[in-house]
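Letters A, B, C and D mark the chains as written, and numbering starts fresh at 1 in each.
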């Protein structure tokens, strides 16, 4: 599935885990002694909803189930593909339409029956594509053909091979395939067509079917308390090396991040996320090791280019001027205490598709320049020159310019950021009103829009005429980019994009996103060029002010061995082990 | 607050008159309780602070990221910023300054100014919500007692239902459903907190109703309204004062508890909101959470002291 | 002095209050002889109840305190002995009957419980024996179906019954001395007569020394052997009852007697002593009674009157007789 | 004496309880459904991020929750299921509501039970002592600290306790460990800080109430009677005075029991990570998990009603003067 999740506060803490293993990284150990103890991960922010993951819409649920079920493939810190349930890498036909997927022949369900290609095809066809189940992410498997939305065509060739056939080319579609996890056909058929029975199916809610598909097996899920999985001795990747090396893996829930971090300090848990303020302190603790890793999540200021925003925002020069007045350095230093890198487009430096060349870097020196920003606004008619030569930004008629900044509540750093942004804009002479709204309210009243006077259902993008219920000028939000398939960001930046609530429209950008999903983009060089051009264009156009990519801090007990710090730090977690006590 | 009220009804009964001499008499009685006087002094101080304080402090909304997380005067802490290039920290020692005697928060806002404007919010929440609850409770209780019959029946069954409703669940439910704005919070507390007062005033009014002076007033042809407002209410006023004084700290705590679980109004920094924002950085910037915590604690303490003193003063049995 | 059962000399019990020291009892002397009924008489606030409570130190302390004097009983000074010793005397040797039976009984304990508790405390009896004893005591007090009453709570009994229960309770351990604190005040006339009958019977049947506290001289005349008249925390006159009635020496005693409604005379109104009882915090200087005394002299305002023994059995404190 | 009238009284009260509970159920039902929130709320972002049609997906989720039907139909369905003992399916935790409550009530129960015992026992002892020693230094000290205890926000106290005793001193685990056997010393130890957190406010309250209730009775005539019997002071205070002071105390203790489950206990549960009913109910509110919200509200209601009934019946045994017919 596309990992294009807007990130909520909790996803800053919760790391979605996808189990993985690197071949040839076998640890030299006598396995009898190396399997020991319990790994406890501390999280705060909420429990998962269901282990019946196909029904889930929250990150925690996928994370929980992921301990017992491997996807087809995952990636390491360098974003190289790491095969999981795949026997070989997916083979794409030269025309880019047919994907041949060979799976391992030693995968087993809990009743010892083999996991076959048919299970995957069934999962796609009968579950994900079905009407009765309403799979939330079904559009991952849809394409536009002649103006109609149709599903791709999966087909089992033999017990260990299936194909998926598309009618249009999408070079990045393969990443959806890598994330695929099967449901056991022999159980699922019992509940077919009955969503209530499927929802309440004991096998799916207790993960009793997972066989040797994951490093751990489900043991217990005490709601609001902990999720416990125990070592799966039959794990297909671990058989040879005796992995995994933890007897149990526990996800323990905490009510507050303060108690969660206290638990790590006290040695009660093995791993948890550390807030920026605490990092230095935790780095100096004798028992804790803190890894600082980049993320693909970024903050942005969305400029309202719809009818109910300040009219100046429709002009890219004005947007550039505003972005020029807001210091990314300051946000990084003052609010995230340095745990951030300035963002200029939606593609982070850690992505293989990142190109520095040509990026217009607003918001850092030399393009962090309030004077110049004011000058630009003045030249566009938005400002008056005072006697001392300084410029006060105003509306065109000389009245004070009043902007409404909106941010969702609950995440303190982003609340702090909006105050910093206000400070920057106030220094230009702009009046700024901050509106703090609960997440749901923000979405319903500010983000969702519809054409006034119609009885349209509000959507995130109901076309260029649509406006939100409440008027706004700038919204601070967090977005995420899939490092491997940035083209998913089209929902934000194309005219028709499903999440383009700011009403941005640039035919050039639309064309580039289209090209990224065309046959020519099958050539990686070409795709690289497309993304470079896209980044450059967006960094110049400023549909939103890209602020910073955040860095996360992960605190581990020092005796956890085998960690490879990096953006995908958990990819080989089944090979981690505790250093033997001396 | 109901358990308190039951205690009060057990203990309070008062002479049926409300002359200034009586006020004076009660004042004399209250004055003897040192804790009550401390409470009263603190509350007056707080009200003054809330009313005029903002004219003397910095703008509580003024952010200043250069001076964020400054400790209070007399304290020195280390602040460190991560350097992505070197994977190391640049650490600076920061000391409190008299510009920000109580330090600053993570946005560099002056804690003193925030606490004072927070006092305004918290006191307003306490007073208005209590006011709503008391007025509603008084009206319902007195009407119920005075009109009797089916009105009494309906109102008392409603009171029963409201009393049985798990209070905090109801509060959280309302605030969650209708959104955490200060108006909703105040209304929710006010509209759910009247039951005890209603019960109490009903029984008080019932016992008063049969007293001679009410009968006399009725005999002289006073209208129902007149009897209720000129005779009944003044006679239960001391009871109301005590209930209110003891209810306010409950409201302040309820608001703080709502803030603690993320249902405070983030746009209006009450003490609860400041505390909630600070509690996660307790280890690095303890004062942001400790200071509002102390303010809440002292205020609640002051109201409890005063309420207790008033209760004793109004209690003819107590020997003070 | 074998025939004296209790001797109170110069007893002074003060209460420390916020407004000042209340000298509730301020120098009281009397002796209780074996088998007699001694009445302590005075208006309310004269200190007679506090005197009675002081004997067993039952006043609230703080604020009350015996600041001087002696209470000799059986070789012990009850004013100074340890609480432990006193507790063995309370209820066992000296028992007390309070005026308001309504509040003197614990509302949440059964009658049986409250009496048996005392018997078991002082006498070497087991539960069933104590119970039998209680039943016979209650019957003796004229309580019908005494056995059932054992499981009753006080609120299920009438006022007279409660008073009887209290008397039964006080007699449960065969005390030497019974102190009755206005047992007839809070009850109506018929019950008053019944209770007085009980006291008459007790006097006849038991060798009991009784201190009977009352403000009612009629009652004194009926059951008392000797009487101590108290005013302002002091004993002002002590004499046999007949002497008191027929030959009162102290103007206050005379006043009290004049107040008695005399059925033989047809008076338009009941006489009463003019004035009010003195403020216990600021007692008048000199004789405490002088502001109300019809025969007050100059000296009365300046000096406390000495105790004058007018005859063998008659003492009075008044300047008239110096 | 016989208490034969009690049975009729209890029956009457139970019928009344059912009516009240039905009233509250209906109010809650309407409240959660007329509000602007929807169980689909927290999926909104994810759905949109996936590039899906929000309207269609929201409708699908609401259909899964059964909130797409007219409210009267939902109400009828719900009541029908309820009469068959089916409390519904909790979507936010993926288990039947009854299961959910069955697995979590014990954590709340032990916390509240221990806190109440702790608070009542200590509170009553200190209160009695304070009353007997009225106006002494000890009395003033206890009175002052009881005010402090009443006024301190308990969530705040909990955080402080963890910081001091778990983090700095390392005496206790920073969170409550649910794997400990229920009846074990370790479990008791794990509950020490939560019990102090939840119990302090109650304790302080009980000190105040015990003191004032004792003082109300200490000066009564029957106390002097008891002393006049020669009873030792311990019996006088402990039996005669305390039995009378107990009545108002029982009211308050029982009231706390009824109201604390979804109040103070919840905040304590959050801080110490105790997965009790408080957490269950508030998580359900935040997740718009209606079946759970209604169920816990009903449970709260029944606890209050039951506690009231028990209190009233206890009264008749503690105070023989009370009759309810």
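By definition in this document, a residue touches a chain if its C-beta (ideal position, glycine included) is under 8 Å from a C-beta of that chain, and two chains touch if they have at least 3 such contacts.
All values derive from a computational prediction rather than experimental measurement.
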| item | value |
| --- | --- |
| Path length in steps (a step moves to a chain that is touched) from subunit A to subunit C | 2 |
| Distance-to-centre winner among chains (Cα means, whole assembly as reference) | D |
| Inter-chain pair with the most contacting C-beta pairs | A-D |
| CA centroid of subunit B to CA centroid of subunit D, Å | 22 |
| CA centroid of subunit A to CA centroid of subunit D, Å | 40 |
| Whole-Å gap between the CA centroids of subunit C and subunit D | 53 |
| For subunit A paired with subunit B, centre-to-centre distance based on mean C-alpha positions, whole Å | 44 |
| Residues of subunit B whose C-beta touches two or more other chains | 179, 279, 282-283 |
| Two or more partner chains touched - positions in subunit A | 256, 258 |
| Multi-chain contact sites of subunit D, meaning residues that touch two or more partners | 36-37, 159, 163, 270 |
| Residues of subunit C touching subunit D in the complex | 53, 56, 58, 60, 62, 83, 87-92, 95-96, 98, 100, 103-109, 117-118, 121-122, 151, 153, 155-156, 166, 169-170 |
| Footprint of subunit D on subunit B - complex, ascending | 2-3, 6-7, 10-11, 35, 160-161, 163-170, 172-174, 176-179, 249, 253, 256-257, 260-261, 275, 279, 282-283, 293, 296-298, 300-301, 304-305, 308, 317 |
| Contacting residues of subunit A [partner subunit B, same complex] | 256-258, 261, 275-281, 283, 292, 330, 333-335, 337-339, 341, 409-410, 412, 415-416, 419-420, 422-423, 434-436, 438, 441, 551 |
| Touching residues (chain side subunit A, partner subunit D) in the complex | 1-2, 4-6, 8, 46-47, 49-52, 55, 57-58, 134, 136-140, 195-196, 199-200, 205, 222-226, 252-256, 258-259, 262-263, 265-266, 268, 439-440, 443-444, 448, 457-460, 488, 491, 497-499 |
| Touching residues (chain side subunit D, partner subunit A) in the complex | 36-37, 41-55, 57, 60-61, 63-64, 89, 91-96, 100, 103-104, 159, 162-163, 166-167, 170, 173-175, 178, 269-273, 275, 279-280, 283, 287 |
